[in-house]
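These notes open a run of structures that come right after.
One chain, chain A, appears in both complexes that follow, with chain B as partner in the first and chain C in the second.
Here is the complex of A and B:
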C-alpha cells in the first residue's frame, strides 16, 4: 500500500520520467565503464603493441610479416575449418540436449543436467587426460579392441572442442526454449498440428535467435582456444598455437598481438551475419508465458532420450575415467587403488581452492548483476547506441585468454594510471574471469530479454511503475532462469579457468587452476588429477548449496505471496 | 523506495567485497623471486635460504620458462620481481631481458668458468638441466623396436609415428635439442640429421615436458624431452628408460640475476650470494644433474638414472652466446623446413 502511494506521488510530481531517464543512463554507463576498463582499454593497448615495430615507433610491418608467412595462412585455414565443424556438431548436439530437457518426456533428466555441466566445472586438464585415457593410442578403446585409432589431430580436436562448447550451447538455447509459451503449442495441437509441424513452424522460429547466438559463441571460442589444440590437436596448427609460439616461445608479444587483433575480425563478421539473419526473423512474443509441459510422444521422445543418454554418457565417461585414475596407483600400468595422490606434496596444498571459491563467487555475483543491468539499459537506449554496445559486449570471447592475461599486465601494472592498485589483487582475477566470459553471459541474458514481452513493460509503465521497479519486479523474475544459469556458468568457469589467470597470480595469491598446472608441470599428473577431482567435488557441493538456498528463497517467496 | 535502498545496499556490499579483495602492498624485508626451477628443489632451497636469512620474507613465483619470459617482459614497465632465479640462460640472454638486469658480482660466482657467467655480470649460472630421450620400454617391446641410442638411430623407418619432440618455436626444450644437434654436428650435417628424423616425428608439441609424459603413458615410444621429467617418471614406476643420445646431449644453464628495478637490492644481493654458498651447493648435489661449480658432485638420482660421473664427456659442445645470438634465425629456418 505504501509503495503504491509513493509511486503515485512521484508520478504526480513528474519525477518518474526524469529519474527513469537517469536510471536508464546509469544502467548503461556503469556496465559500460566496466567493459571499457577491463576489456576495451586493455585491447587498445594490445592493438598499440601490434603496431609497434622493432626498434620502436608505429607501423604495419608486423602485420605485413605475419600476412606473408605460410604458417599463418595454414593456421587460419585450420582454425576456420575447425571453428565451422565444431559449430555445426556442437549446435546440433546441444540443441538435441536442450530440446530433450525442455520439451520432451523421459526419465533421468536431472542426471543429464548434471552430466552436461561437467565439462564446465572440470579443469581443462581433466578433459584432456580423459580423452587420451579413452581414445588415445594407448587408451582403453584401442587396447580393448586391439585397434590403432589415432586421435591426435583434426578429430581429436573436434571432439575436445565440442565437449567444451556443448554446455554453453545448451545454456543459450535452453534460455530460449524455456521461455516459449505453452499456449501457442496447445492451440496448434487443437488444430491438429503434428509435433514435427509444431517443431518446424513454432519451436524453431522461436529459438532461431538463440541458435544463431550459440553458433556465434561456439565459433569464436573454438578459434581462440589454445588448451585443446595443444593437448590433442597434434600437428593441426591453429591460430591460437601461432600466438603461443610467438608470445611464449619467442618472447615476441607484439607479433602475438597481431594475431590476437586479427582474431577479432571473424567475430565482427560473424556478428554482422547473425544480425542480418535476425532482421528477417519476426519474433513472436506472448504477453503472459505459460510454462510448457510436454506430453509423452513416443516417436519423438524415445529417440531423443537415446540421443540424450548417449551424449551424457560420453561426457560422464571422459570425466569419470580421470576421477577413477586419480585413485589408481599408476595409470595405465598399475590399477590397484590408492588415495595417495590426494596428499598434495606441493607447498600450499589445497589452500588455493578456498581463495578461488571467494573469487569465483564475486566474479559470478558482480558479473550476473552487470549483464542484467546492461540488458535493462540497452532496452532504453537509442538504436544508434545499441549496435556498437552489443558488438563490444559480444567481443571478449574472441580474445584468447593468454592475450587477455598479458594485456591485463600491460594495463594494470602501469603506474601511469591509478589502476595499478588493482595489480596483483584478487579483484583483478575476478574481473578477468568475468570479462573473459562476458560474451556468453551477455548472449544468454539477451536471449531472455528478446523473449520479454514489451507489453508487460508498457502495462507496468501505465500503472506508474518506474524503470527500477519494472526491472526488479517484472523483468528480473521473467529472466530469473537465465540469471541463475549465468551465475552458475561464471562461477564454474572462474573456479577452473587458467589461460588468463596464470599471468595474474602472485607468490601470495594463487588459484586452483594454477595449482593444477604446477602439479602437472612438476610431472605429478596423478596429483593434478586428484586436485582436479577435489575441485569438481567442491564446486559441485557449492552449486548444490546455492541451489538449495535458491529453492528455500523461492518457497519462502511463494509462501509470502500465498499469504 | 525500498528497491532503491536495496540497490544501494547491494552496491555497497559489492564495493566492500572488492575492497577486501585488493592486494596489500609489499613491505620492507620482502623479496619477490621469479623462477623456473622445479617445485621440488625450490621447496628445499627456499627452506634453507629462509634459515640463512630469517629476516627476509621470500615470495617465490614459479612459472615455466616460456610463461615466465612472457610475464617478465609484459611487466617490464614496472617490474615486480627483485630477482630472477634459475631461468634458462638462452632466454636470459634476450636483449629485452638483459636490459632489465643490473650487474652484480655475487659472492663466490667468480669460481665459475667464463662460459657460465655474463662478462658484464648481469647473470651467472651455477646449475643447469639436460635434455634426454624418454623411451617407453613396454611400447618398444610391443612394437618390436630397437632401443635408440642416438639421433641417427631415430632415422629407422620402424620409428615412424612413434616419436614426439617439442617445437623449438614454442618450447625452450625444443630449441635445446635442435641447438645441440646443430652445434655438435655443425650446421650442414646437423640440419641433415633433423631432416632424416622429421618423417618419423608424430608431432612437434608446444610443451617441452609433454613428449616425455606422452611416452611414459605409452602413447608413443620415444619422447624427446627433459632428463628431469624422465627421472621423475622412472622414480614413479613408469616403464621408462632415459637415454642420453650419443654424440652430444643438449643442455641448458639456469641463470640468476638482479633486477635493476628492485627496491630491496641489499636483500636481493644477499639471496644471490646465498645461491653460491656451500650450503646451496650441497643441495644442488642432491637435485641437479648439471652443476657448473668446479668440484661439486652431481646427484645420486642422476647416477642411478645412468648419468656418467664426468658429465662433460656426454654433453654437446654448446656455446651459449652463439646459441642465444642466432636463435631467431635457427627457429625461423626450422619453421621453414619442418613447420607443420
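Here is the complex of A and C:
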C-alpha cells in the first residue's frame, strides 16, 4: 500500500526533525508561562511589596510595624482560634454525616446528600446571611421571643464557617470510608468483634489520615475565608478582614501585603501537612475493594439517623431561610410573598451575574484546556522536569484567595509593565479564578492520566499517530469524565468565589459574590438574599448538568463495555 | 539481513536491561525472543518499535539506520499483551486507525477493514466496541489493527499470555498461518518455550540482558549450548562431570576439554530408556501420569533422574529399574550456573 511506502521512505530517509517533540515542548511551555505570569510572578510581587518600606527601598519595617500593632495580634489570635474551633466542630459533624451515609442504615440518605451540597452552591457569605435572618437583631428568634441575642461575632462566624466547611469534610472522609474493604470487617465479625470494637480497631484507623487531611482543609478554608467574616464577623476581626481593611479601608497596600504574607504562613504549613496526610491515606488503598454494605443495627443506626437529620436540617434551614426571605415582603414584619426583591436596585442590577457566568465559562474552558495540555506535556517531559512542575502546579492551593487577589492588584494595577492592560478586565478575573483553583483541577487531570494505560499511547504511536492525534483521539476520550468534572468544578467555584476577586472588581466590573456583599453592606439584605438565590439557581443547574452529563458518559461507557 | 540490531546497550540506573545485544531478522522470518522475565526481551522489542531509546547501538532496517526515527514514522505493527484497543473506538475504527492517519480514502479503509475482519474470522464485529468482545477476540482485532497498514515488521509483545489455555493454543496456530500467508517478518517476545518452539523459525534465547543462544527451535532443543538454555527449553537432567566419569564414563567422549565445572551433562528425560529389572541399580521414587506421557523420578547412581515415557507404564514406586542412555543423548553444555533449577 502506497501510504506505508511513503512512511517507510521518510522513515528510512532518517528524518531527524520531530514535530512531536516541538508539540510536547509547547504543551509544557504554554501552561507554564500562564503559571509564571498569573501565579508565581504576582506572588513574588506581593512579597516584594510586603518588604517595601515607605519612601522606597527594602526592609522589614512593615513587619515590625505590623507585629507591634495590637490589631494584628488580635486578628491573628481570632483567626487561629476560629480556625481551630471550626475544625473541631465541622470534623466531628462531618464525620457523623459521612459515617451515617456510608456505614449506617436509615432512610432519607439522598436528602442528606442534597442538603450537604447546598453550601457549595452559594458564595460563602450566604450562610452568614441565613444566620442573620434567623438570629440577627431583626431575625426570627429575637423577634419571636423578644430576645436580644447577638449573632455577630464569634458564634455566628463559627456556625457559618462550620456550615461552609461541612461538605468538604463529608467528601474527604466519605471517599476514604468507601475504600475500606468489606472483607476485613467480615473477618473481624467471624473472629467475634462487636461493631463498636470494629469501629475502634478497623474503621477509625482506616480513615484516620483522611480525618487529619479534612481537618487541615477546614482549617485552611476557615482562616482564609472572607465572605462569612465580612458579613457576620462584626467586631470579631480576623486576618482576612484585616487585609481587606488595610487595602480597601486605608489604601495601605504594603501593609495589606504584610498581613497577606502572615496569613500565608499557617496556610502553607497546613497545606503541607494536609498533602502528607492525604498521601498516607491513599497509600492504604487496596486494589479490588469489596464494597461494604451495612446491615441495620438499631443501637447505632437510630441515634446516627437522628444526628444526620438534625445536621442536615440545620443546613437546609440556614440556606432555605435565605431563599424564603428573598420572597418575603418585609422580613421579619410582613411575611406576605413578593418578587419585588428580585428587582435589584443597586447600580448595575443583574449585569454582574451575567458577567460572572461569562467569566466562569471562560475560566472553566481555558482552565480545563490548560491542565489537559499541561498533563500531555508532562507525559513527554523528562523526569528531571516533571517533579518541579508538579510542585509548582500544586502550589496555588496553599495560597489564600485574599492573598492571590491582592497579588493580582499589585501586579496588574501597576503601569510599569504591559500587564496593566489586563487590569479591570473580565479576563483577569477569569485568570484569578482559574489559578486560585489550579491545584484541584491539575490533580484531577493527573489522576485521570495515571489511570491511562501507556500501551494505548504506544499502540497509537506505532500506528503512526503523532502527539496531537493521540491526545485528541485516545487520551481525551479516556479522561473525559475528569475533563467534565474539572470544567464544572472551575465553573462553580468561579461563580461563587469572593475572596480572590474582591480586590479586582471595579466600579464598572463587578461579580456576583461582590454584588451580594455590596447589597448586604447597603442594608438591602432581602435583595442580597434574592441575588444569592439567583446565583444558587445557576450553580445548582450547573451541578445538575454535570451529574447528567457524567451519567450519560458512564452509560455510554457501560454500553461500550457490554453486559 | 532485513532488520538488524547491533550492539544495543540499555541501562536503567544500575540495572542493565540490554548488554551489547546483536540480533537479526530475515525477510519473512518468524523470530521468537525467549527468556525469563527481566531478561531484557521486552526492552529489545520496544527498542525496535522505537518506544524505548537505547544508550548505544544501532537498529537498522534493510541497512538503513532507524535509531533517530520516532516510532510513528517506522511503519511497524505492534501487539501488546493487554490488547490495548482504543476503548472509545469501534472495532472497525480501531483497525482502520492507522489508515485514517495515513489519509487513506474512507472507502478503501472500509474495504481493508472488511477484508481483515474476514481474515481474523470475526466478520460481524466491526460495529462493536472492544469491551464487548472476549479476550481472544480482542487480541485478534489488535493483530488485525497492527497488520492493517502492511507493516514492514510485526512486533508481538507476549500476545498470548493474558489468554486462557484453549484460546491461547488456537490463536497460536492462527498467528502462525497468518504470518506465513502475509510473509511479514515478525518478532515475538515470549517466556513460554512451548509457544516459541511451535511458532518460531528462529529462537533467540536471552538471559540477563544478553543473547545466550540463537538458532532454530530444533537446534536449541537438541543442541543447547549452555546450562541455561538446556534448562529453560524444556526439562533436562543436568549431571556434573565427576558423576558421569564415575558412573557412565562412556558419555565423556563428546565432552569438550576443560575443567570439571566448566561443562555439565544435559540429558533429556525422553531420551532415557527405562526397564524393570530385579538387578537394576536404580529405584523408582515416584511416578506421575500426565495422560499422553508418564513422568518417572528415579534414584540412580547418577543422582535423581527424571525419565519420560510414552504409552502404558506399569512401573511402581520402589521398583528396581535400570536406565540406558546413548552417547548421542548426552549433550555437554557450558555450565553458566544460571539454570532455573540448579
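By definition in this document, the second predicted complex is superposed on the first by the 338 of 563 C-alpha atoms of A that agree within 3 Å, B and C clash if a C-alpha of one lies under 4 Å from a C-alpha of the other, contacts with A are read in each partner's own complex, and residues count from 1 in each chain.
Convention: a residue touches a chain if its C-beta (ideal position, glycine included) is under 8 Å from a C-beta of that chain, and two chains touch if they have at least 3 such contacts.
What you see is a predicted model; the values in this text were computed from it and never measured.
Engineer: May I ask you to decide whether A:554 touches chain B, chain C, both, or neither, giving the answer as first, second, both or neither?
Structural biologist: In the superposed model, A:554 contacts neither chain B nor chain C.
Engineer: One more residue to check, A:359. First (chain B), second (chain C), both or neither?
Structural biologist: Only chain B; A:359 stays clear of chain C.
Engineer: A:518 contacts which: chain B (first), chain C (second), both, neither?
Structural biologist: first
Engineer: Classify the contacts of A:456 with the two partner chains as first (chain B alone), second (chain C alone), both, or neither.
Structural biologist: In the superposed model, A:456 contacts chain C only, not chain B.
Engineer: Could you tell me if A:137 is touching chain B, chain C, both of them or neither one (first, second, both, neither)?
Structural biologist: A:137 sits against chain B, while chain C stays out of touch.
Engineer: Counting only touches as set out at the top, which of chain B and chain C does A:469 meet: first, second, both, neither?
Structural biologist: Both partners, chain B and chain C.
Engineer: So which one touches more of the residues on chain A, chain B or chain C?
Structural biologist: B
Engineer: Looking at A:70 after the superposition, I want to know if it touches chain B, chain C, both of them or none. Which is it: first, second, both, neither?
Structural biologist: first
Engineer: Would you please give the residues of chain A that touch chain B in one complex and also touch chain C in the other complex?
Structural biologist: 3, 469, 473
Engineer: What residues of chain A sit close enough to touch chain B in their complex?
Structural biologist: Result: residues 3, 6, 70-71, 132, 136-138, 152, 230, 234-235, 237, 241, 244-245, 247-251, 253, 329-334, 346-347, 358-359, 362, 365-366, 369, 402, 406, 409-410, 413-415, 420-427, 430, 468-469, 472-473, 502-503, 505-509, 518, 521-523, 525 of chain A touch chain B.
Engineer: Give every residue of chain A touching chain C within the complex, in rising order.
Structural biologist: Within the complex, chain A contacts chain C at residues 1, 3-4, 7-8, 10-12, 14-16, 18, 20, 453, 455-456, 458-466, 469, 473-474, 477-478, 557, 559-562.
Engineer: Where on chain B is chain A touching in the complex?
Structural biologist: 1-4, 6-7, 10, 14, 17-18, 21-23, 32-33, 38-40, 43, 59-64, 66-67, 69-71, 73-75, 77-78, 80, 91, 94, 96-97, 138-139, 167-172, 202-207, 209-210, 213, 217-220, 228-229, 232-233, 236-239, 328, 331, 335, 339-340
Engineer: Once bound in the complex, which stretches of chain C touch chain A?
Structural biologist: 49-51, 61-62, 64-66, 68-78, 80, 82, 84-89, 97-99, 101-104, 129-133, 142, 145-146, 149-152, 155
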